[in-house]
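Quick heads-up: structures coming right below.
Shared between the two complexes below is subunit A, which has subunit B as its partner in the first and subunit C in the second.
Let's turn to the complex of A and B:
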């Protein structure tokens, strides 16, 4: 048993209000630079919708992730070892800027410098790449809230396999229903970006599992961009290097939550340590689609089990990290309650960011332009939820409903339980039956309720002790390196020499 | 006399200056500015014509360069191969074909970079200078192949000894002094390109990722001892 620790995440979609505060916090800290201007290490997508880059989930177009051919071989869908030699000059599956958008600003100087004329001067949009005037065709969150059109939703790859009935469910109340899907790098256990990098520039940090790009080793072969099925590695068009979410490791090392977590208005984000068995990564990644979610869970170890603790210590994991794993909110959502699920696990990268699927109860229906409220049937039938089960299953269950149904049923039971406790218009027996059917107890329901609704900063973020920052301070004097680009860099990042 | 001094300058002094510049600057740049070692791909900004320019150029120049290297390293084998006329023609025609492929690709690269304003903004003066040198070198190489046959034979018999004399630190220009002007131009530009090499994007040739083919798929870095 090779026990390793991984800083893991849970996003509670039922609480996301789609405000993009996370994206803005991230952008201001990390990607407000030339070449990184189009990057959104954190972005929030409207679902159903096409996402960013456009239709990133359509692997028939992008060929991201791993392919398991069933007889025990796992290969990179885009370009693995054998195919890198003829394809290194031109990457056949690489998305281009057209799949994202051309970053632009406005010609503000014209407001001051325009010659006197009969009209007010305007600030026209100009490209941030070549400075020319552009006709803006797409931009960040272009399809936010579906942009008032059903087109983006209709092109969502997750709609595959939905029955006509389920598609009607989506727009049963006047307009199409939608929810939000905030996305950052999943810091996978079997990262395709790392495996595909010809230079070995991408790596996973052993101590906390954060996946990073070594900027000094990246040679712009671009394999990672194609290989990542979540399209969370971005190519910096100015410096010629790949960049990605760093899970704000400088913040984590000083005991702070990552910026997107810290700034989250809906408090949907949870961060904590999971211990897992690294010996099983390859076997689990090869499992058939319907066994992937369970297999992924089975790799994650119980931090209270004395045998696991003994093995973890043998593998060099410190007491502080083990303690953090025992208090991890992520462990409770993923393993104890089983209501948080990995996104698109069929890509086989074993993502370590889990989502609590959103509830979307029908509280009203429309007949002949008259809205009927149905509050007496509150949260009753998860199958008639506005977001169809199959859609959520395509997102979080590799197309299989079982795990999603379990997570939604338990969330529904918790609501009935709390309704019985606080409002009292539901009798206790019905609530208890709901809990039993959802494999839940009153105690567990209370715990879920507390960590969902009453959670404090310390409840949501249990950051393990990471002593890296202190370690470097023992060798270098940080004040001498102020306003530099970082330890060990002679010049600032630029294109070429 | 002046011809003698010119030959000494172009085929003895210049090669050494260029070769030492190449050696010193590549090492220094790798040690001090390893961040700058990148192929600086522009595929992200323009993906439609990229394939048709970059792929022919790379395949062409790789084969042609390898051919020069082989003739330099094993001249006798080449001469033995050429002893039969048919084999000589096969070698010459394929060398010319890859030279033309290089030219087509290189012109494609230059046109693509010049016509697309997005890529033009990420193209530096050094890049343009390099493209000009490579273009002149490709054209002169093709003209040598066309007007001074059979290059594969006289390269192996006359130029290979000259190049060896440079590397053995006993430069002997008698082999090149008698060469036609076009060949001399090609040699001088080759050394200039080698000297210019470490200041350009060409350094990505030196960091081709061989270990990828036999390393484990996943890379994990530990900061504590394991």
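Let's turn to the complex of A and C:
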């Protein structure tokens, strides 16, 4: 058993209000630079919608992630040792600027410098790449709140497998629905970007599992860009190096939550340590689609189990980290309550960011200006929710409904339980029956309610002690490090070797 | 230590000996490779005069040596005898300076010519070519040899690699050597052209054909071809250039097609397609 620790995340989609505060916080700290202007290490997408870059989930086009060919071999879809030679001058699966967007700003100087004219001067949009005036045609969040859009929502790749009727409902009045999907790097256990890099510039930090790009080793192959199925590695066109979400490791190392977590208005984000068995990564990544979610869970170890603790210590994990793992809110959502699910696990990168699937209103119909609900049972009928079960299953269950149904049923039961407790219009017996049906107890429902609705900063973010001194000691003589550190980069990353 | 010095001494001695012997030995070879394409000894006039009994000419040995060292200078200086032989050659062909010509080399050559002149039948009498008239088959075969559809038996490069003719198809021949349409006129007819082909004397051709001489039969066919083409207008380089450009364009278009189908599964713009398909004429 090769026990390792991973800083993992849960995003509670039922709480997300789509305010983009997380994106702005991240942008201001990390990507407000030339060449990084189009990067959104954190972005919030409207679902159903095409996301950013456009239709990133359509792997028949982008060719991201792993392919398991059934006879026990995992292969990167986009590139391989043999295929890199004939494609050395052109990576055939690279998204173009048009699939992101051409970053732009406004010509504010014109407001001050414009010559006298018959009308007021305007600040026209200008490209941040060549400085010329542009006709803005798309942006990082172009389909924001456009649920029901025949252009964006109707082309969501997750609509696969829905009946024509269900698809129609998603864009009809009084049935239309959308929810938000905030996305950052998943810091996967089986990261395709790391595996694809010919220069070995990408690596997964041993002590906390954060996936990083070494700016001095990156040689601009951009294999990571095409390999990452979540399109969360971006190429800086100015420095000629790839960049990605660093999970604000400088903040984590000083005990602060990452900026997007810290700034989250809806408090939807949870961060904590998970212990997992690294020996099983390859076996799990090869499982058939319907076993992936369970397989992924089975790798995550119980931090209270004495045997796991003993093995963790043997593997060099410190007591502080084990303690953080025991208090991890992520462990409770993912393992104890099983209501948080990995996104698109069929890409086989084993993401370590989990989503609590969102609830949605039940379907309704309109007759003579009167709105009728098709279900009398507003809190029970998850099958008549406006977001079709199959849609959520495509997002969070590799196309299989079971795990999503379980997570939604439990959330419904918690609502019934709380309604019985506080409003009292539902009798206790019915609420308890609901809980039983959802594989939940009163105590568990209370816990879920508390961590969902009443959570404090300390409840949401259990940041392990990073013990940088130990990590440094593994690589270098500490005194030598002390002498060299503190100067940072003498120059920024640059093109070339 | 002493052994290695001895070894080195032996090597140096061997090299010096070989060099000297080669020097002494190669006058006939030199003559064969550099002189025989224009001169014979007792075989009659080619482009240049027959050299038999050279020492009995009215100019002396010193004149000969000066002439060998720089024929053009002697001719241009207005020397009467030089003018005479220059006019006899048609007044156009200056004798080239032989490669690596030195005073010693000139002396050796003159000695060789003297010695050979005394023989009944000199080895440099020149190859005797038949005078039988050329047939259509000869000309056809000559053209095949020129264009390389029929290889030279000794493995020499085909003429088309460096030369072109009035009727060379498509892209034309090489541009390194001159157009050979008028070569029969330039080299004064069948006999001297044939002699030239036995041992081509220019700096470019000599090293190529030195080890791969053409056979009498091949020379016969080639000369037949060259003779028939005399008087035709030579190939037009600009026409060839247009043909080349057109073929290049067609080839490039073909390659684009091939690579486009090879990389068919590459990433194509997703957003633009989506917008265009979903709302034609209504974007952005």
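Heads up, the rule we're going with is that the second predicted complex is superposed on the first by the 452 of 497 C-alpha atoms of A that agree within 3 Å, B and C clash if a C-alpha of one lies under 4 Å from a C-alpha of the other, contacts with A are read in each partner's own complex, and residues count from 1 in each chain.
As a working rule, a contact is a pair of C-beta atoms (placed from the backbone, for glycine too) under 8 Å apart; a residue touches a chain by one contact, two chains touch by 3 or more.
The model shown is predicted, which means the values in this text are computed figures rather than measured ones.
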Could you tell me whether subunit B and subunit C fit or clash when both sit on subunit A in the superposition?
fit
First, second, both or neither for A:151, with subunit B first and subunit C second
second
Which partner chains sit in contact with A:219 here, subunit B, subunit C, both or neither? Use first/second/both/neither.
first
Just subunit B (first), just subunit C (second), both, or neither: which does A:84 touch?
first
If touched residues of subunit A are counted for subunit B and for subunit C, the larger one
B
What is the contact status of A:96 with respect to subunit B (first) and subunit C (second): first, second, both, or neither?
both
According to the stated criteria, A:194 is in contact with first (subunit B), second (subunit C), both, or neither; which is it?
first
If you stack the two complexes on chain A, which partner ends up touching A:206: first (subunit B), second (subunit C), both, or neither?
first
Where does A:137 make contact in the superposed view: on subunit B (first), on subunit C (second), on both, or on neither?
second
Applying the touch criterion given at the start, work out whether A:386 contacts subunit B, subunit C, both or neither, answering first, second, both or neither.
neither
What's the minimum Cα gap, in whole angstrom, linking subunit B and subunit C in the superposed view?
6
Need the overlap of the two footprints on subunit A, from subunit B and from subunit C, as residue ranges.
90, 94-96, 98
Quick one: in the complex, what on subunit C touches subunit A?
263, 265-272, 274-275, 278-279, 283-284
Sort out for me which residues of subunit A touch subunit B in the complex.
81, 84, 88-91, 94-98, 102, 127, 129-132, 190-191, 194-195, 197-200, 202-207, 215-222, 225, 235, 237-241, 281, 316, 468, 471, 489-491, 493-497
Within the complex, subunit A is touched by subunit B residues 29, 32-47, 50-51, 54-55, 58-59, 117-118, 120-122, 124, 126, 199-201, 204, 207-209, 211-213, 215, 217-226
Mind pulling up the subunit A residues that touch subunit C in the complex?
50, 53-55, 58, 61-63, 90, 92-96, 98-99, 135-138, 150-151, 154-155, 226
